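Below: a set of structures, written as structure tokens.
You will see two complexes here that share subunit A, one where it goes with subunit B and one where it goes with subunit C.
Right, the complex of A and B next:
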């Protein structure tokens, strides 16, 4: 079920809210039960068969958690992690592994269980935290709720138990929920980002990518990937805002995932603002232990302290996105960017002016997004060959009517094929880009909603413009992970 | 009376008032712009041009077709100055019914032509748009009461399921905000003269490069084709509504004393083989011939893929020819066909 589907907005969510608030108003402590029921229904809506997998994962990790806490043996944690990794390896990566390491030639068209990357990683973190004694194991119903809570189940944010468990207890203590209106507001900001902004950018991106082999030019390639960067941001941050908004409707505050990433002045800055919960996960549970281990074994050598841990972390975070080499390269480009950025700081090189830092950051990010969006490696490399070949520079044929540019070759180019479309493209791009920089981070705890006419009219606009765009029903990009 | 708190006032009073006011603003705007047509795509442009043109002109040829031909006719000059040709090419989305409505609109304001040339893929003849496509390319373009009634003749009244009907009934409340693009943005662009409809019936300006028959064999195209070997082609199916449409269109052409030329636009070699092996194209041609003979309409057929089909790599996707050589080649063939066969 999609958050932007009519069935969710008009039936599922209202019914869930009504039942939740009836239970909340009663003397029965059944909040987690009712929300878990709706969460499992939400998960099973389109593909009921994967519900069994989700339940197996939850039940197994519940037992692992208790066993780890009771015995405090490292090998049990190792078995738990291996179990989770095996699950994801089998259901998501088996063809990729067979093709890469066993020399098979299987078409990689595996149907991946919904949200497997999210609930698996969430539970690995949970087991590690139990072993570290930073949290205690949960009762079964709370564990079920923690993993399956529908706002965060499908595409994150990746929620850590230590952040959410205290809130679950508060929720059950019948405290009055003060965040309902804020939740409505944050949810509709997210829905607006998704259905009004991201979905309306899809056709512009598709034209470029559909014409990779059809005389796409230098400028068009950069324009297309820049538009995709905006689509991806609005799509995923829209989803994350909706998740936070939904959490607030039930009195829970989920962590933020984005913080105006396209304002970043460096790659380090970018990864503090983009998919924050995934970055945190990989930093806490992979990079830091690996870096620590390397420093112990190989002393304080930069290669082992910084370069190898970063490369491993980013290659694996790339692979987390999908079982394809293009995702490995997506991670690699970002990893190399981060290493260069850290080395620059380490050697105390001169600080770059903001605009130059921003440009270099955006160029690196756009290059990595080519791997993210292209259908395969071959397509990505061809697209990059256009992006880095300024000689494929033609002025659109229609421009000849207005300006006589003698030094430029003119051609009938696929993306900017007419003046009207080019103007429309520019307007849409500038509008979206401005919003990407200007829409404040409403999901942040620092955002305060004021109950005045300004916010009422803003919310009215968000509601109306989201609802009129609902019919597109474009799936969320991060659903595939 | 108990004083209501800030939150309740926000959600129960301020928000509903704001929603109402926004709806009202859009209703007023849409009302003020209701005399102006939305220009969203090529078909809108053509219709707008025909509606606003009062020259009552005469042209020898009306050229219809789908996007395969439109790409070429918009770009290349297939005109030799000895005959008048009107570019009525659209895309498949409006279907043959769209072509018929466009013809009716044209002949209402202009003299009927001598010849109608339809150069399209076979599916253009059989395609009937549905749901959103129907709304975008048919009912919101040809939206007079007569035209809406005319369109409904060719559609099954039970075309929608119960839920779809419910959805469409809700939509028929017709709040302007539900269709901002059509009700406000596009008419506004039209008023601001940002949409140029002045040459929407004319053909392209690019000069066709002459092609020798040997050229085609030696063409090396380095561009890669977006291959999809798993494409499953659908057979040509002619419904009873489709037959009725063909009969009515042909009758109208006969009444106007127009000669009809149907030429099958280039299609992928794979698709051509599929159609040939199943005898699909012959079947379609036979039906069209039969309908024409019944009313004595002069009709003739041509196939650009015969005897030598266009190779798969001549196409940038499933239907459309690549820029450059292959488009020029089709333009060259089309021009020669019109010059030699039509005249």
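Right, the complex of A and C next:
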């Protein structure tokens, strides 16, 4: 079920809220039960068969958690992690592994169980935290709720038990009227980002990617991938805002996933602002232990401290997105960018002016997004060959009527075929880009909603524009992971 | 001088070396937000330097959970480190 579907907005969510608040007002402590029931229904709505897999994962990890806590043996943790990795390896990566390591030639068209990357990683982190004794195992119903809570189940944010469990216990008695109103606002900001901004950018991105082999030029390639960067941001940050907003409707504060990433002055800065919960997961549970282990065992130098752990981390985080080499390269470009950035800082090279740092960051990100968006490696490489071939820089042919630029070659450019369409394209881009920089991070705990006419009118506009655009119901990009 | 104070001073020296900044002054309320250069790489360098200085083994995830330097001092103190 999609957050931007009519069935969710007009039936599922209102019914869930009504029942939740009836239970909350009663003397029975059944809030987690009712929310877990609705969450499983939400998960099973489109593809009921994967519900079994989700439940197997939840029940197994529940037992692993108790066993790890009771015996405190590292080998049980290892078995638990291997179980989770095996589950995801089989259901998401088996063809990729067979093709890459066993020389098979199977078409990689697996139908991946919804949300498997999210609930698997969330529970791996949970088992490690249990082993560290930073949290205790949960009662079954709380464990079920922690993993399946529908706002975060399908595409994150990846929630750590230590952040959410203390809130579950307070859910019954908490006064949540302020949280509810804020939740409505945050949800509609997210819905607006998704259905009004992201979905309306899709045609501009598709026209470029559908014409990769059809005389795409330098300027079109950069424009297309820049538009995609905006689409991806509004799509995923919109989804994440909706998740935080929905959590607030039930009095729960989920972690934020984005913090104005396109303002980043460096690639290190970017990864502190983009998909924050995934970055934290990989930093806490992979990079830090790997870097420490290698530095302790081998040598405390930059090869073991920085370069190898970062490459491993980013290749795996790239693969987390999908079982394809293009995602390996998506991770690799970002990993190399981060290593260069860290080395630059480590050797105390001169600080770059903001605009130069920003440009280099955006160029790196855009190159990595080519791998993210292209349908396969061949397409990605061809697209990049256009982006880095200034000899095919042509100005649109119609521009000659207005300005005479001697040194520029003109050509018919499909993406900018007429002046009117070009102006429309530019307006859409500048409008979206400005909003990407200016829409405040409403999901952040630092955002304070004021009860005044300004915010009331803004909410009304957001609701209006979102509802008008609801009819498309385009799926979220991150649902495929 | 109390043992916690001594731990704090040693931590401050570690931070000054790692961030190459003699003006760093740590107190219990200092957080990662207060030191701009504090990133994932420097976090590991801090842990390694602490392990060497205090002769303890630290878990990076525990360090990540600390809200401020005060909690780090308490953690080292609880491990009976030699100062």
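Assorted remarks:
Convention: the second predicted complex is superposed on the first by the 474 of 481 C-alpha atoms of A that agree within 3 Å, B and C clash if a C-alpha of one lies under 4 Å from a C-alpha of the other, contacts with A are read in each partner's own complex, and residues count from 1 in each chain.
The working rule: contacts are C-beta pairs under 8 Å (C-beta built on N, C-alpha and C of every residue); 3 or more make two chains touch, one makes a residue touch a chain.
This one's a predicted model, so the numbers in the text were calculated from it and none came from an experiment.
Shared-chain residue A:389: touches no atom of subunit B or subunit C. Within the superposed three-chain model, A:460 lies in touch with subunit B and out of touch with subunit C [touch as defined at top].
Of the two partner chains placed around the shared chain by superposition, subunit B is the only one that A:210 touches, whereas subunit C remains out of contact.
Of the two partner chains, subunit B is the only one touched by A:181; subunit C is not.
When the shared chain is aligned, subunit B comes close enough to touch A:412, but subunit C does not.
Judged by the touch definition given at the top, the superposed model places A:346 against subunit C, while subunit B stays out of reach. In the superposed model, A:301 makes contact with neither subunit B nor subunit C.
Of the two partner chains, subunit B is the only one touched by A:468; subunit C is not. Shared contact residues of subunit A, touching subunit B in one structure and subunit C in the other, are absent.
Listing the residues of subunit C that touch subunit A in their complex gives 20, 37, 39-41, 43-45, 47-48, 51, 59-62, 64-65. Looking at the complex, you find that subunit B touches subunit A at residues 6-7, 9-11, 14-15, 17-19, 21-23, 75, 132, 177-178, 180, 194-196, 206, 223-226, 316-317, 322-324. Here subunit A touches subunit B in the complex through residues 181, 184, 210-215, 382, 397, 412, 414, 420, 423, 451-453, 455-457, 459-461, 463-464, 468, 471, going by the rule given at the top. Considering their complex, residues 128-129, 132, 134, 162, 268, 283-285, 287-289, 291-292, 295-296, 300, 305-306, 342, 345-346, 348 of subunit A touch subunit C.
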